[in-house]
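Both complexes below contain subunit A, partnered by subunit B and then by subunit C.
Presenting the complex of A and B:
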């Protein structure tokens, strides 16, 4: 409409107008090109992620429907065969149980325990001591699980280990177990090590979250005569809710990916009692060379992680507290 | 009634408060001992000989001899340290660069389809190495990168880009838009805007990201174990497990090797603690 109108005005003006609109068109094309060209900023990440993260995860499901012959190398399609085998595999069920135990105990100590600990540390008046305790508790998290795993392997050892010696010295000698050697205690001994290693990390994160709460809120509560415990329950807890949700998500998904400490401390033994899904994937996929079955076990890890993620989304959607 | 009650509650409250504080402090101290003592025990055992480790587990070493540390260093730890350094530094540079570019593209350009790309990148946070392990091994065998440093550098980068981008993006998104406008008016191109304006302003979070990546790469185990088998490509965590299997009778040397592996990362943490906490506060607390 406008273009037609402007053309009617006169020849000279019309020519000028067309020039301007092609110029604008060219400008718009250049702008669109520039926008697409800014794709180069994210290209590296997209390529690396699609190639080495997304594609393998999809490929894992394809592999899980196959069976490869170890001797001839032939690959045949078996549909859901690996999955039905999974349902009858006792070790898969005990591994799943171990992962769940890992998740529950870690949430208790590394989320709720760490939250309380962070509350205590942040209630200290001296800045130096707050920093000191946060840093000291964090140290095991900086060290690799291989080192801490091996360290606790030695600590649990009957001859040279210090745990049994401490227990004897404090009159708990009757409770001594072959910690890593017994089917009943092996996984819990590993979980205990993991709490020792990991609680400082979440304590540090909670301390950071508590620091972000405006000090006036605490001051106001203190003036109103609200005690320290009440302050933690009614102020700190609801205002760090987002961090708590995030920590629970990270802790549970982490619990389903446990591998390192089990591999180093027991290798899944004794009698597969301390196998977790991660080590069972490795055992089936790389020791037994049964890629298809290993991939099927890995799918269980995938489903567990996704369910946790979905639960977290639901939790955060339920409304957030802000200030 | 009330006048009587006031003098009574005054001292009682402060008494419970003192008891409470003492309890809290002794709790913190006990927990501190539980954390620190095993690590001290590990370092001290590196100075003992086997006889002492078995005989007197709690005592100090009879004489501080560096022999175990030197032997561990010569029995492979040196090569593990070199590989770990190489892999950690290379993958750290790749990860932080790619993540910073991505965060820049997602927050400070008019990239079409940003929500989709953001979802793609952050979705990577939910995908774990365990699930991708078997296909990745087949893929890297096909690429001829299996059992090479490249395998670890690529994998560490790919699996850490989502988290690192998440942190840098949270920081970049809060930088004022006037920065970009001023730079554009001054005739800066997109790259100049990134390298000269935005990236320098992100220094605190970049430092935190580097530290977090070093913590990850120095300690990573599952990829390092599955993707390498030769001694030239063995990183420290895998090398330690090997050392344990090989020298399982010479405990003192294993303790020394463990201490050598743990010490650098603890030093790095203490040296950079201030940046680390500040970066986390600014990146995660959103």
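Presenting the complex of A and C:
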């Protein structure tokens, strides 16, 4: 009896465990099905994202390990050969230098310069003048890069350009250079144009960030006798930290994606002196018919901008501002 | 977090799978060559696509009008035009090739540019319909037809002829007592005289890098024997050891120093330079025949009567062909993947009919047709007619350096000459760079 009872109990317990685990399995399956079913709401967005964003990125890495002939369609696998070639390509290094120069100068002018200018504009008492200066500085940003490039091409013209004319009129004629025609000045002439174009946009964004700071903080500082420069350093700067981080990210990634202005103004010349990574990718793919090598350079640009983005995420996570 | 990571892994796998499968489809495709037959029946229905190089405002109406006339003649046919400019057609063509989307008919230069289409089996063999002994082929200048021959077969139809000449302002030359230079030294002396008058002797815009290359091409034809040039155009046989290369580049350096604004040229567009000539700011501009009617016309300050031209004169020490002229016909090919090969061929015959050829040669287009007898005093400007006389008399048509060479070698020329003009490289360094590029191309 005991044994039978034990068996019965055992049997009964076994059945109970099986039922319970089956039930759990069914529950999990239902849950999985429910999750999959709910996934349908975002499926379209995910497919579009995968197809148009992640697929090209992975495909680019795959292409970067090949050498292809666009005319015959022949593709051969070269492994990391294109990356090894990249390390010995002098133009890649000079292009990288140009991108870095672009980034550093842009951060100085379009982040720190724009922050100071926004601080000055927002400290004006007159509402009219605040709006006026914001609008005035924003105008260049409303012009397309191609148009701006053409505009500055004429400004830098040796014979009819306004820059040389002004320099001659102000006694600086001896400093005149073939701005876009010299290997030493071409990239800096382009960077200068870019600052003119992007400065106002950054200023506007900083102005918005400054407006979000509660006025009471500034009022309290004034009552305590803190001057305008100290207010910018001790109140405005730390309380716009998130915007500063965002602007640095946008400016640096933008500097690594530069293309239009270089193509319009110099085409990367003279003698590749103003090539940036973007134009060198284009040059390799569409002029030299070497899409594999172009893809390898594009991968480097991708990694550089990814690292910048990751650094920004770390920075903003660390220093989120709230009040 | 785990769920997100799992999702990311799944997405990564899916993306990799798609990329690998897409890469696999890039394998070489070996299709049979397509040959155009003379007696093939033409089905006058469907859409015919066409990529042209007539995208600029002055030229674009030519194909628009021709397409409209063809559609009127054959109501079942719809012609779709993609008109690009001289620069944009290069990128557009390569994009279309890489995506296997070439139109039924597409523009092509001669030299390495056209050879690539033949190598990739993307151009229909037109030998049976356009070879010099065929009915249609006999209507063209033989040298123009021959320029589109590779491996003994005809793959292209020449539409117009083009060559480079030095355009000059007759009034300025007359006022300063300068005659048409007969030698390179005379040209340099003329530049000195013009410089002293306060005018820029020759305007050059070399931002695009190819304008200065055209000077080099002509000077190389004079200073390097033709056989050596032909050998050096092929990276596998190239040596670039002929002393004529150095001589030609040194002549160019002299020209830059004495005739132009120097290194400034690298920051100036070719369009600005030709405007300077048309606006009487410079005395000379090195230009193609197809630019004659644009640089001097009733609308420009430089009038047609004041426009003259001469062949860039050779140096006394030249060891090459001193009768050579740099230039080449430009034409069209038919895509081997076209479903309308016969119709495409019929359209090409239509645009090279005498009436269309004459229209092409006349202002405002001013593109001297490759059809024999199309360029006459009646329909073309006197400059274009005279240019064609010189062109037909030359024993050697030197191809454009940037289309005759492989892209790597062409880039070495383009960048090197920009550096030479800017003073950052010597002539010897430029030639060394070109030889290195040729070796790199040969090793691939």
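Keep this in mind: the second predicted complex is superposed on the first by the 276 of 323 C-alpha atoms of A that agree within 3 Å, B and C clash if a C-alpha of one lies under 4 Å from a C-alpha of the other, contacts with A are read in each partner's own complex, and residues count from 1 in each chain.
Just so we're on the same page, a residue touches a chain if its C-beta (ideal position, glycine included) is under 8 Å from a C-beta of that chain, and two chains touch if they have at least 3 such contacts.
Predicted, not measured: the structure shown is a model, and the values here were computed from it.
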| item | value |
| --- | --- |
| Subunit B versus subunit C as contact partner of A:167, first or second or both or neither | neither |
| Which superposed partner A:54 touches (first subunit B, second subunit C, both, neither) | both |
| Which of subunit B and subunit C A:226 touches, first, second, both or neither | neither |
| Touching partner for A:243 - first (subunit B), second (subunit C), both, neither | first |
| Partner chain in contact with A:186 - subunit B first, subunit C second, else both or neither | second |
| Subunit B versus subunit C as contact partner of A:159, first or second or both or neither | both |
| Partner chain(s) touched by A:71 [first = subunit B, second = subunit C, both, neither] | second |
| Chain touching more of subunit A, residue-wise (subunit B, subunit C) | B |
| Which superposed partner A:269 touches (first subunit B, second subunit C, both, neither) | second |
| Subunit B versus subunit C as contact partner of A:104, first or second or both or neither | neither |
| Those residues of subunit A which subunit B touches in one complex and subunit C touches in the other | 46, 50-51, 54-55, 57, 59, 63, 159, 285-286, 291 |
| Complex interface listing, subunit A residues touching subunit B | 35-36, 38-42, 44-46, 48-57, 59-60, 63, 117, 120-121, 131, 133-147, 150-152, 154-155, 159-162, 165, 196, 200, 204-205, 208-209, 211-212, 228, 243, 246, 253, 256-257, 259-260, 263-264, 277-278, 281-282, 285-286, 291, 294-295, 298-299, 301-302, 305-306, 309 |
| Touching residues (chain side subunit A, partner subunit C) in the complex | 46, 50-51, 54-55, 57-59, 61-63, 66-75, 153, 156-159, 178-183, 186, 266-267, 269-272, 283, 285-289, 291 |
| Interfacial residue positions of subunit C with respect to subunit A in the complex | 11-12, 14-16, 18-20, 22-23, 26-29, 90-91, 94-95, 97-98, 100, 116-117, 119-122, 206-209, 261-269, 272, 276, 281, 407-408, 411, 415-416, 418-419, 421-422, 424-425, 444 |
| Touching residues (chain side subunit B, partner subunit A) in the complex | 20, 24, 27-28, 31-32, 34-36, 38-39, 41-42, 45, 53-54, 57-58, 98-99, 101-102, 104-106, 109-112, 117, 120-121, 124, 126-139, 154-155, 157-159, 161-162, 165, 190, 194, 215, 218-219, 221-222, 225-226, 236-238, 240-241, 244, 251, 254-255, 258, 261-262, 265-266, 268-270, 273, 277, 280-281, 284-285 |
